[in-house]
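Let me give you the structure first, and then I'll get to my questions.
Naming follows writing order (A, B, C, D, E and F), and every chain is counted from residue 1.
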Amino acid sequence: MDDLRFMEFERITEEILGCSGGACGIEEQMKFLQLPNREKVEDMVDKLFQLVYPGYFRDRSLKFYNIRHFLTTLMEDVAYHVEQQVQLALRYRHGDMTEDERQDKAVAITKAFINAIPRVREHLLLDIRAFYEGDPAAENTDEIIVSYPGLRAVTVYRFAHELFALGVPVLPRIMSEYAHAQTGIDIHPGAQIGKYFFIDHGTGIVIGETTVIGDHVKIYQGVTLGGLSTRGGQSLRGKKRHPTIEDNVTIYSGASILGGETVIGHDSVIGGNVFLTKSVAPFTRVSVQNQELAITEARFHE
Amino acid sequence: MDDLRFMEFERITEEILGCSGGACGIEEQMKFLQLPNREKVEDMVDKLFQLVYPGYFRDRSLKFYNIRHFLTTLMEDVAYHVEQQVQLALRYRHGDMTEDERQDKAVAITKAFINAIPRVREHLLLDIRAFYEGDPAAENTDEIIVSYPGLRAVTVYRFAHELFALGVPVLPRIMSEYAHAQTGIDIHPGAQIGKYFFIDHGTGIVIGETTVIGDHVKIYQGVTLGGLSTRGGQSLRGKKRHPTIEDNVTIYSGASILGGETVIGHDSVIGGNVFLTKSVAPFTRVSVQNQELAITEARFHE
Amino acid sequence: MDDLRFMEFERITEEILGCSGGACGIEEQMKFLQLPNREKVEDMVDKLFQLVYPGYFRDRSLKFYNIRHFLTTLMEDVAYHVEQQVQLALRYRHGDMTEDERQDKAVAITKAFINAIPRVREHLLLDIRAFYEGDPAAENTDEIIVSYPGLRAVTVYRFAHELFALGVPVLPRIMSEYAHAQTGIDIHPGAQIGKYFFIDHGTGIVIGETTVIGDHVKIYQGVTLGGLSTRGGQSLRGKKRHPTIEDNVTIYSGASILGGETVIGHDSVIGGNVFLTKSVAPFTRVSVQNQELAITEARFHE
Amino acid sequence: MDDLRFMEFERITEEILGCSGGACGIEEQMKFLQLPNREKVEDMVDKLFQLVYPGYFRDRSLKFYNIRHFLTTLMEDVAYHVEQQVQLALRYRHGDMTEDERQDKAVAITKAFINAIPRVREHLLLDIRAFYEGDPAAENTDEIIVSYPGLRAVTVYRFAHELFALGVPVLPRIMSEYAHAQTGIDIHPGAQIGKYFFIDHGTGIVIGETTVIGDHVKIYQGVTLGGLSTRGGQSLRGKKRHPTIEDNVTIYSGASILGGETVIGHDSVIGGNVFLTKSVAPFTRVSVQNQELAITEARFHE
Amino acid sequence: MDDLRFMEFERITEEILGCSGGACGIEEQMKFLQLPNREKVEDMVDKLFQLVYPGYFRDRSLKFYNIRHFLTTLMEDVAYHVEQQVQLALRYRHGDMTEDERQDKAVAITKAFINAIPRVREHLLLDIRAFYEGDPAAENTDEIIVSYPGLRAVTVYRFAHELFALGVPVLPRIMSEYAHAQTGIDIHPGAQIGKYFFIDHGTGIVIGETTVIGDHVKIYQGVTLGGLSTRGGQSLRGKKRHPTIEDNVTIYSGASILGGETVIGHDSVIGGNVFLTKSVAPFTRVSVQNQELAITEARFHE
Amino acid sequence: MDDLRFMEFERITEEILGCSGGACGIEEQMKFLQLPNREKVEDMVDKLFQLVYPGYFRDRSLKFYNIRHFLTTLMEDVAYHVEQQVQLALRYRHGDMTEDERQDKAVAITKAFINAIPRVREHLLLDIRAFYEGDPAAENTDEIIVSYPGLRAVTVYRFAHELFALGVPVLPRIMSEYAHAQTGIDIHPGAQIGKYFFIDHGTGIVIGETTVIGDHVKIYQGVTLGGLSTRGGQSLRGKKRHPTIEDNVTIYSGASILGGETVIGHDSVIGGNVFLTKSVAPFTRVSVQNQELAITEARFHE
């Protein structure tokens, strides 16, 4: 091991930090120390689950007799961290705000967010009902709350969307990528999703930033609600690039629906593996038909 | 930060807890405190890996000279936690059982489960052989045990299936969703899977509750063995809704095979992206044929 | 709980350890205690992120005023652990090496790896630029570094590939499966990937061991760059089994490109869900065309 | 290291467990698994400090805006653990109680204990005043609360004494030994101590089980209020073996006052290193007088 | 356990917080949240040991090849926390300072403190030499550094004294009470202690705030260098109340030397258990003489 | 905080490391990295308590049904760490041993130590009996095992003494200083102590390296069994410097017995605060007699 003692670690550090141009100067770095903290955001999300599903996600640190006191204490803790992380996010984006403006704005956003929790919970209870009714394998709603990745993703989405709608930068995305990593379901916090939303299995689902989804929509694993093309790159920012899904639509596994002008009319069913870049009328059933399959003998199996 | 101090946190707590109807009354909540504990279940699963793959997943807390003593101690720990969590699961589902009945049943289930470990291990050793033979990128079986997500998912499945077969509610599902989160592979603990099972890459695989799979079956990433439709919702519970895959079948990436009456005859090969809702005879090779592709010049690349 | 006290735990341990043949004898086990340690490897990867993206992934254990000192200390720590794990990996594969040879080789590999960090970082900065330009939803490059799973997977790949190229066994695979578990993106460390590589969303992507990818390539979720068939099993080891993707190619979601002789010519676009087993010329646009869809009325919605 | 692998660890375990007679049979052992848990008791004590000195001993796990919610939650947690540990202690001592009797008694004791907290706090505020007035080195009362070992010992004593007075076995002693280990001050929970009690420095102080101390008493390091002799051993149990110290007494460092019939009359001062086994009247000043000291030249210093 | 659910925890909280007068109103409490943090201070002290005794107290979090980089990083961390805690301490004491003044002062103090570390280390190396030469049981100086409580107490004292001399309130006392709890040795940070200071065993030693100690002084367990009386209480603040010990003095176990005007002349030896309230000339040996001992037969041993 | 960023931390590091002479050169430092690890030694001691008092000190990491398996596993862990730390200690002291010699010696010592555990336990059971019989405040032997600092110190001493007797350097002292910090009782591992040893309260007790103590000896808090003088410093190493206490002797609190030739004859009683530097015959009772006390009126109490 002798040799490693004499490596020029300092020189390599210099090389890492010293690269010219771009975002790599030492002064530049310092500013990033102000980004919202991923670990704290994830902890905050975990506590939000304890708040909206009281009793399901047990905190190990404190025993209680009256869940009311515990929830109130937990909520103050969440409020504290939301406020902290929102301030960091605002400082990051709005370098020109004064410290006071930033603080005032962070407090206002936090208040709005905390006040929204009961409303978010009501939405989630409707989602849970949709999950239960949609999945024959679900024994009961408790199992769904405790173990369904689809509900996990939807829950994080609904909270992240609140912050997105309040104009908070960066933070909602960190939240949704946390859910993405846990579930394989990628819902952009900017998407608009109605009531009674149901995701089954879920791995591989992508729902883009400008997607609009109605009520009573069901989506299965591997579905993409995406952009038609990204040719324009950054010039497309802010434009509607992802489809609109109206009420009572079911989209089976592996289907792709692309484009900002694509509208799936209400009460339609999109079959598995369907690839759609055009709108369909309400009450339409679309499925892969006559998929030409070569069916040959395989006696000498590979 | 002044303002937040005066938020009505208590009122919001009331709103969260007080919503009328459904599963949200305070008394209701208390019952959920009795659900199996996700964190403990995940810890139990991690220890099962140490038990069936002795030496591969090292425990940091204790050094040992004779792996035999260590495994025996670990097994007692696993038995303790299985018994605890099974009791919680039984209390949850069978509210009418007496405490004594529940305890007797939990002990009986735990014994059966622990006794099954050597048998499960033998199955897994066959799976590992299938993994090794099926994957040219595998250097050796150790690499497979230590790092292949497919084997991780299969291992958890085989244990969860034992508990499922013993009639334990909720718990097997928490186990399989743990594997799902880690691997992106979603195998319902109710599925029946034969020997020499091989999963490659695996992300996006869904294997439904009533699926039946024979021996020497290979499945690639993104394959769905699913229900044909979920129109019936909860009324479909308990019915066979997912396909049957006979021995020696290979199913390539992205294929979907749907429906409870769909049978893939033995020694067949299902090609990538195939979408099947009907049975195929033994020794059949099915592949997407003549997929009509528009091939145009793209000189002005996006 | 009475009964469990009298279970024959020791007998079951014997059964687990005593199975005849294969990799399960007690003496065999002992050797596996020498495999690289998954937990330490994952910790090492986390620290590599702190090194190449200084300031973005904050270490909680130490505060600092001058990031230079902190990075240098961190780099020594990384070097230490790389050297340790490389030694374990070498011992595992090359049982015939003397202890001294192994140590010399491990030191040499570690030096090469640490010296490569600045170069890897330069590559990653180009990747980040590609991510930013390719994704209209990206607000800025910081958000990409902190939260994009695609960049996470690419970062781990670039480091794992360095070790793979230096001939280190097992270790690179543990690294890439760590990224796979976190992101659902499975890039084999043996793949060769050029500059300005962009992955969007990413869940379900599989890039096989012998894949070759040029510069300015974009890949979306669910894309497989895989082998045509695995009929040959282990006999295929070392052969080129995965496709070649030339410069400036875009591959949309769900597309599968298979086979070692398949070449996607430069400046081509492969559309969503396309299934390709043959080469296409440069400047080609391939898309699913005339997918025959059954479009029927669905008034009595399921 | 080879050799150790073949040690007869099992035989040594047998020797440890198999020794005949006394408290060492395996069945005997099992009963001890029911003793109050030292670690949990210590955690409970730490939380009592947070409760009686709100704001001084910060909990890291939860941030709050309104200390009221936090304290209430904390108090429920303390109540839970007190009840648990009291049950264990009762089971240990009263093997003949039914489970129900034990539970009822534990609940009653816990209620009495929790209700006593405000009263204990009032007492402690008076002690703090005595500490401040007695110590010229004390800058303020906050410093005393945060850092004085004397106050730490007195605080633990006052809580342990409550449980002792409620008839709880074992538990109070574990509490007082926790304080003893932290401060070097050994106050038996059975001692009776009045208001405005002040301990300075404190290391080495011993206050026996049947000691009675009035109001406004000051005690310095190394003071023993002990038994005259322990000749009688267990036959002395329950008898008054330790002295009585009336109001307004000061006892300087290293003094020993021994015997159950020894009474230090009110408003007396006992000087440093005095050794007393007899009572002294009120308003008495006792000091070592004419300590015969050999005073010689020490020019050739050791 | 039923009952506890209905306890009036909130009422008891009110009682705790609502007591009239003194330091217990809710608004009052809030201010205390600003005290230096005991846990952080203790962590800072542990790191100071790593800094002044490099290599002896190993940090587990980071491996290194060049201790220089590690120490520099550690020093920055210590500087950060010193600055933070000094700010808290200043805010606590100097409520009237502006935030800017406080920050400037905290930075100035921290700089002075960090710059003093090499000097403190030199002093400590002399102390270590005194420990080694004074204790025949010491095998070598390493054992002293790693395990002697006396050196631990002296080390913390020397650092706490630096901060005390720089006018930092509260913080030095928290540091010295940390050492007191670990060693039973209570050295007030205000004491002035010369070079080559040696403490043996140490438990029970008390060295008061205004004590002055010369070079080459040795002190044994149970020695008090204290005030003659505390009759005056707070009115004595700031006055010299503790003795002066000149160079080359040895004070054996259990001796008490009291009073601000008491001077122990250089090259004197104070014997065990001696109780002194008057000065002695240089080159004096003082010992308990002709201690009248009752020596009687004890055939019927207790 | 600006300023601290520009402190010359590197220069200060140089000063710390660069001081000329003594034990402070960088190369010197590296050797100390080989000292036994205090934290690991303390962990080992805690596990020894679990081993000799099975059931009293519960391990949280593993549940078990058969304490036999758990103890065996724990014993292997202890053996592993003893062997590791003994090797470090040997390397430290015997720089000239070959690696193989060192390893062989460490294995031999570890075997002897582990084999001694049952014998040590038998001794401790006798000590516990002495504790119970000697202390009227002891309710039962369990309380003594769980909470008496005296027994803690004696237990650690008995184990440290085994290693001391086996010629292990440094390590035994680290063990005894761990007990010293926890209990305020300082027993040098070199002391020889007979059966049925009882320590009450214990804070401040010092028992020197060459002390010899018979059976059935009782010692109270603040007792010193020390050297007469340390004039000779290191030249006294290895000589008998501390007293001999024969069987059935009781030594009350605060007594000092000094000198290597001082023998307290069997069946004697040494009273509180007695200061002895000469031998006493068997069956002798020694007490402070006619301590001249000034008894004056104290009506104007301080």
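To be clear about the criterion, a residue touches a chain if its C-beta (ideal position, glycine included) is under 8 Å from a C-beta of that chain, and two chains touch if they have at least 3 such contacts.
Just so it is clear, the model here is predicted, and its values are computed rather than measured.
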Required steps from chain C to chain F (each step between touching chains, minimum)
1
Name the chain whose C-alpha centroid is most distant from the C-alpha centroid of chain C.
D
In terms of mean CA position, the chain most removed from chain F is A
Centroid from C-alpha atoms only, then distance chain A to chain D, rounded to Å. What do you get?
54
Suppose each chain is reduced to the average of its Cα coordinates; what separation in Å results between chain E and chain F?
23
Pull out every residue in chain A that's touching 2 or more other chains.
4, 7, 9-10, 65-66, 69, 72, 76, 79-80, 184, 203-204, 222, 230, 254, 273, 288, 291, 302
Full set of chain pairs in contact is A-B, A-C, A-D, A-E, B-C, B-D, B-F, C-E, C-F, D-E, D-F, E-F
Residues on chain B engaged by chain D in the complex (per definition of touch):
4-5, 7, 9-10, 65-66, 69
Touching residues of chain B toward chain F in the complex: what are they?
61-66, 69-70, 72-74, 76-77, 79-81
Chain F - residues contacting chain E, complex
1-4, 7, 9-10, 12-17, 19, 22-24, 26, 29-30, 32-33, 35, 37-39, 92, 169-170, 173-174, 177, 180-181, 184, 186, 188, 190, 203-204, 206, 208-209, 222, 224, 226-227, 230, 232-239, 241, 248, 250, 254, 256, 258, 267-269, 271, 273-276, 280, 283-291, 302
Considering only the defined contacts, which chain A positions touch chain B in the complex?
51-52, 54-58, 60, 67-68, 71-72, 75-76, 79-80, 83, 103, 107, 110-111, 114-115, 117-118, 121-122, 125, 132-139, 141-143, 146-149, 182-184, 200-201, 203-204, 218, 220-222, 229-231, 253-254, 272-273, 288, 291-299, 301-302
